[in-house]
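Each of the two complexes below includes subunit A, the first together with subunit B, the second together with subunit C.
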Partner chain A sequence: MAKVTIDGIEVEVADGTTILNAARQIGGEVVPPAMCYYSSLKDTGGKCRVCLVKVTQGSAKDPRPMPKLVASCRTPVMDGMVVQNITSPEVLEARKGVVEFLLLNHPLDCPVCDQAGECDLQNLSYEHGVGKTRYEEDRRTFEKIDIGDKIKLHMTRCILCYRCTFVADQLTQERVHGVLNRGDASEISTYIEKAVDNDFSGNMIDVCPVGALTDKTFRFKSRVWFTKPLDAHRDCDKCCGKVVLWTKGDDVLRVSARKDQYNEVKEYICNECRYDHKDMKDWTIEGPRHIDRHSVISQNHYEKIDMQKLKLDIDRQLTFQKGKQLPETTNP
Partner chain B sequence: MLTNRSKLVVNKKMTFAEKIYLPALLSGVAITIRHLFRKGATVRYPETKRPIAEIWRGQHVLKRDDKGAERCTACGLCAVACPAEAITMTAAERKKGEENLYREEKYAAKYEINMLRCIFCGLCEEACPKEAIFLTDRIVSTDYGRGEFIYGKDKLVEKVDERIDVTKRQTQNVLEFKQQKRLSHNK
Partner chain C sequence: MGRQILLEHINVPGINTFDVYRKHGGYASVEKALKTMTPDEVTEEVKKSGLRGRGGAGFPAGMKWSFLDRKSEKPRYLVCNADESEPGTFKDRYLMEKIPHVLIEGMITSSYALGAKTSYIYVRGEYMYIIRILEQAIEEAYAKGFLGKNILGTDYSLDLYVQPGGGAYICGEETALLESLEGKRGNPRLKPPFPAVAGLYASPTVVNNVETIATVCAIVNMGGDEYAKIGIGKSTGTKLISASGHINKPGVYEIELGLPVEEFIYSDQYCGGIWKGRKMKAVVAGGSSVPILPTELILKTAKGEPRLMSYESLSDGGFVSGTMLGSGGFIVMDETACIVRNLWTFTRFYHHESCGQCSPCREGTGWMEKVLHRLEHGHGHEGDIDLLVDVAKKIEGNTICPLGDAAAWPVASAIRHFREEFEYHVRYPEKVKNPKHFELEPFVPAAAAMATV
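== the complex of A and B ==
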């Protein structure tokens, strides 16, 4: 077990846990954002640099600070480590720079993009980005590609997080797509545009943090904040069968896997559940999906409040507020 | 008595002048005649119109760009900003060969504003990222049924040869935004 202090809050975690996961055990505002790390996919992380944190004390044995900001998703904790995330202006400044880099080539097509409203990059740039870009060159452009008949790839929107290739590697039998070329010219592609066609390929849509991989069956159907998300399940022999139905009236517009508070899927669903059962009758409806009240999707969305969860949230917020005052008192 | 508003009824005997009613009647007629020669409080709409503010918020217009393509991309921000929930839309994908009709790859196949719901607050115009919707100085005309007040694209989109001037409603921020030529949709 290792004791770490993140933004003044102490937490005890198992050896080998990364700083990011230690912060997630605390929860709340101290959790660094992550665009490429995905808890249910092995070896993800370290690519987007959004989760940078400052280590002010390496460990109890060697209390020197780490010379540079480190990627929290890849750095394991040490006993006695002291980490600063949002309490360090340096980290916030660096994160702002990273967001600006991620947005360099990202097109300004949120009004057209189906991901708008549930996009990690949108949330990230809203919280950490600057309103204006300093980039004056032309943005890189790619043609739209159909990956199979169900997935549309907008390479212009891609931020090269590699999550989709990890899905292909770890969930499906044979990977037929990857990242071609290098640097500015790198792009996700299938060899000779070969269709990605296996039972779990649809999960690429869910893991994509931006709108680069979108569901073709949902393309331009509705803005996500006009739909009603419902938790539902069915008996499926291939997957867990637990999904979210995005409905409008009695129509099921889209089926997706359930994402947790960090927008990560823990239980993947198969393509049959995703594409072939767009009918309310096929599903057992559990009730409205929990939507964070800061999300635009929560507009006109009503759900039952989980009092226990609410109490946990409030308690966590109170501990966090107490922790925020700690550094001020120790360094006058 | 509790409210202190009750009045005592007095059965007072009227005088002779009061009994013949004529003085009261004449004073009433005098008031009427005096008003006949005053300037009226009303105007004869539609022949004469009252002056309105330059930035009057009246009937909406969906603008086209310089080449005549519709600017609206059905992003739904106006509908989500609308406090009266008057706006609904259905999006569709632009097909090849329709580039001169719609500016973006997605467009509003159906766009409806319920003018009975609309409170003309102008939030839709403020939310619009594509400078597509504007409120104009036109007044929404009257009609007989409720159904006629649901304005579709036929009434909202401006005609190619009959452009509607909205320069007075474009704020400084909007104009500055438009001058950023590096944003592809301004090119």
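== the complex of A and C ==
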């Protein structure tokens, strides 16, 4: 076990845990955002650089600070490590920079993007971005292409998190798509159009943090906040069969896997569940899906307040505010 | 000329063949090491010599070797980084082209020290003719019993392979090089784990520059202590410098570290002064990634001491008034050179070569290039200069590999030392539209202009 202090809050975690996961055990504001890390996919992370944090004390044994900001999603904790996330102005400044970089070539076509309302990049830029861009040149653009018969790739929106390539590597037998080219010309692609065809390819849509990979059966059907999400399940011999149905009246507009509070899927679903059962009768409905109160999707979805959870939230806030007042470390 | 170690026999006809090379004392270090020394003794000599990595970072080679995980049961590898792609650097090409055997000899001695049974030379794809030269040399070494099973009758065996790369700059970064060598896309890996623990095929690996490995022969031959006497302070030995730009005699020079920069530029033995009798404006001392310095700071440090060609002296004053020895790509610019245009060229290179894995470098290098393109072509505006500084600051240190830093440092330093020139570009857009604008009308800094009045 290792004891680590993040923004003044101490937590004890198993050896080998990353800083990001340690922060997630604390929860709340101290959790660094993540655009490319995905807990249920191996080796993801380290690429987007939004989760950068400052390590002011390496470990109890070696208290020297780390010279650069480190990617919290890939840096394991050490016993006695002291980490600054949102209490460090340097980290916030760097994060602001990264958000600006991510938005540089992003088309910001949110009004016509199907991901709007459930987009990680939208959330991130609301929190850390600035209102105005300093970029004056043309943005890079790509043609929209079909990869597989059910998935539309809108490469212009892609932030190159590489998550979808990890899905293809780890969930399916053969990877038929990858990253072509280099630098800001690099793109996710298949050499042969519509080549992506396997039982779990649909999960690429769920892991995509932006609207680069969208479900062709749902494209332009409805804004996601006009739909009513329901937890449902069915017996499936290929996957767990636990899904969220995005419904309007009696129509099932979309089926997706269940995402946790960090927008990450823990149990993947197969393409049959995703595309072929768009009928309420095929599913056992469990009840309305819990949607985070801050999300635009939660509009008009009233939920009873869980008093215990609220108290926990307040307690954590209080500890955090105390942590903020800790004296600045001597090593800037 | 100072002391020559690597290039001593460069002008001997036929030195690229085994027989001539052997006649001039070649492969002596292999004999000495394999027959009279243990691997640890060789490592110890390299440590004693104080040899620092010649690829750019200047990390002590002996120390790097000692980090190699020797307890692991996996095979160990030595990989020679011959992916020389830094703009302004061409020393390894010269060495491999003229004396390929010195690299082969160094590879055998170093592999013996590290206990590697298989070693690779990773050469950039553009050097195809060098790959043929190296393969010829390796064939000769196999035929003479210096490579293969039971070298020189000892129980040490080594196989040496040459692997051409695809020609990406990023594959000169050691972990990207290893990825590429494994046959994958050349993206740098996240560290830790370092290659010394999990490198090529997840086995302990040492990656060294061509010049570093070639120098090992001399160190084993003369002994680490003797080698450490050459040079100055912690910068021991000799270094190959690729001199280019506006000088009378561009080329590859072997210098003893500690040579004054002024002597290097103006002495007839080396660069022979600035061409066409012009004045010097700026120097990029160690390949395009290192900070650029104006004349007054390259000849003398901020404290007024003469600047020497050594790791310490060049980096004296940090990034505020110093630079780095880097890989030894010494680029001199005369008074007609345009710093903005030069910087745009560098940035265009980094934009083209960014691997696209992490966002600050992928997006930031392109952004800087576009802003500089705008400035140089007379479309810039006042805020652009501060914008560049800010973008460079946000890339630096926030990327996976040092390419981000390498792209940010030249921008930050050029603006730090030549801000007036950037302002000139904003103020006189019509004048700078001609690519040779400073040749027609050399730029005069405000301070100098005042002095003449």
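Quick notes
What we mean here is this: the second predicted complex is superposed on the first by the 301 of 332 C-alpha atoms of A that agree within 3 Å, B and C clash if a C-alpha of one lies under 4 Å from a C-alpha of the other, contacts with A are read in each partner's own complex, and residues count from 1 in each chain.
Note that in this section contacts are C-beta pairs under 8 Å (C-beta built on N, C-alpha and C of every residue); 3 or more make two chains touch, one makes a residue touch a chain.
For clarity, every value in this text was computed on a predicted model and none was experimentally measured.
In the superposed model, A:Cys110 makes contact with subunit B only, not with subunit C. When the shared chain is aligned, no partner comes close enough to touch A:Tyr126: not subunit B, not subunit C. Of the two partner chains, subunit C is the only one that A:Ala185 touches; subunit B does not reach it.
When the two complexes are superposed, the chain touching more residues of subunit A, out of subunit B and subunit C, is C.
Looking at the shared chain after the overlay, A:Gln299 reaches subunit B, while subunit C stays out of its contact range.
When the two complexes are overlaid on their common chain A, residue A:Leu69 makes contact with subunit C while staying clear of subunit B. Of the two partner chains, subunit C is the only one touched by A:Arg49; subunit B is not. Comparing which residues of subunit A touch subunit B with which touch subunit C, the overlap comprises 136. The part of subunit A that touches subunit C in the complex is made up of residues 45-50, 52, 68-69, 71, 74, 93-94, 97-98, 100-102, 104-105, 134-137, 159-160, 162, 178-179, 181-186.
Those residues of subunit C whose C-beta lies close enough to touch subunit A in the complex are 168, 170, 185, 190, 351-360, 362-367, 370, 374, 387, 393-395, 397-400.
Taken together, the subunit A residues at the contact with subunit B in this complex read 107-112, 116, 136, 139, 219-223, 225-226, 296, 299. Touching subunit A in their complex are the following residues of subunit B: 73-77, 79-80, 91-93, 104-106, 129-130, 182-185.
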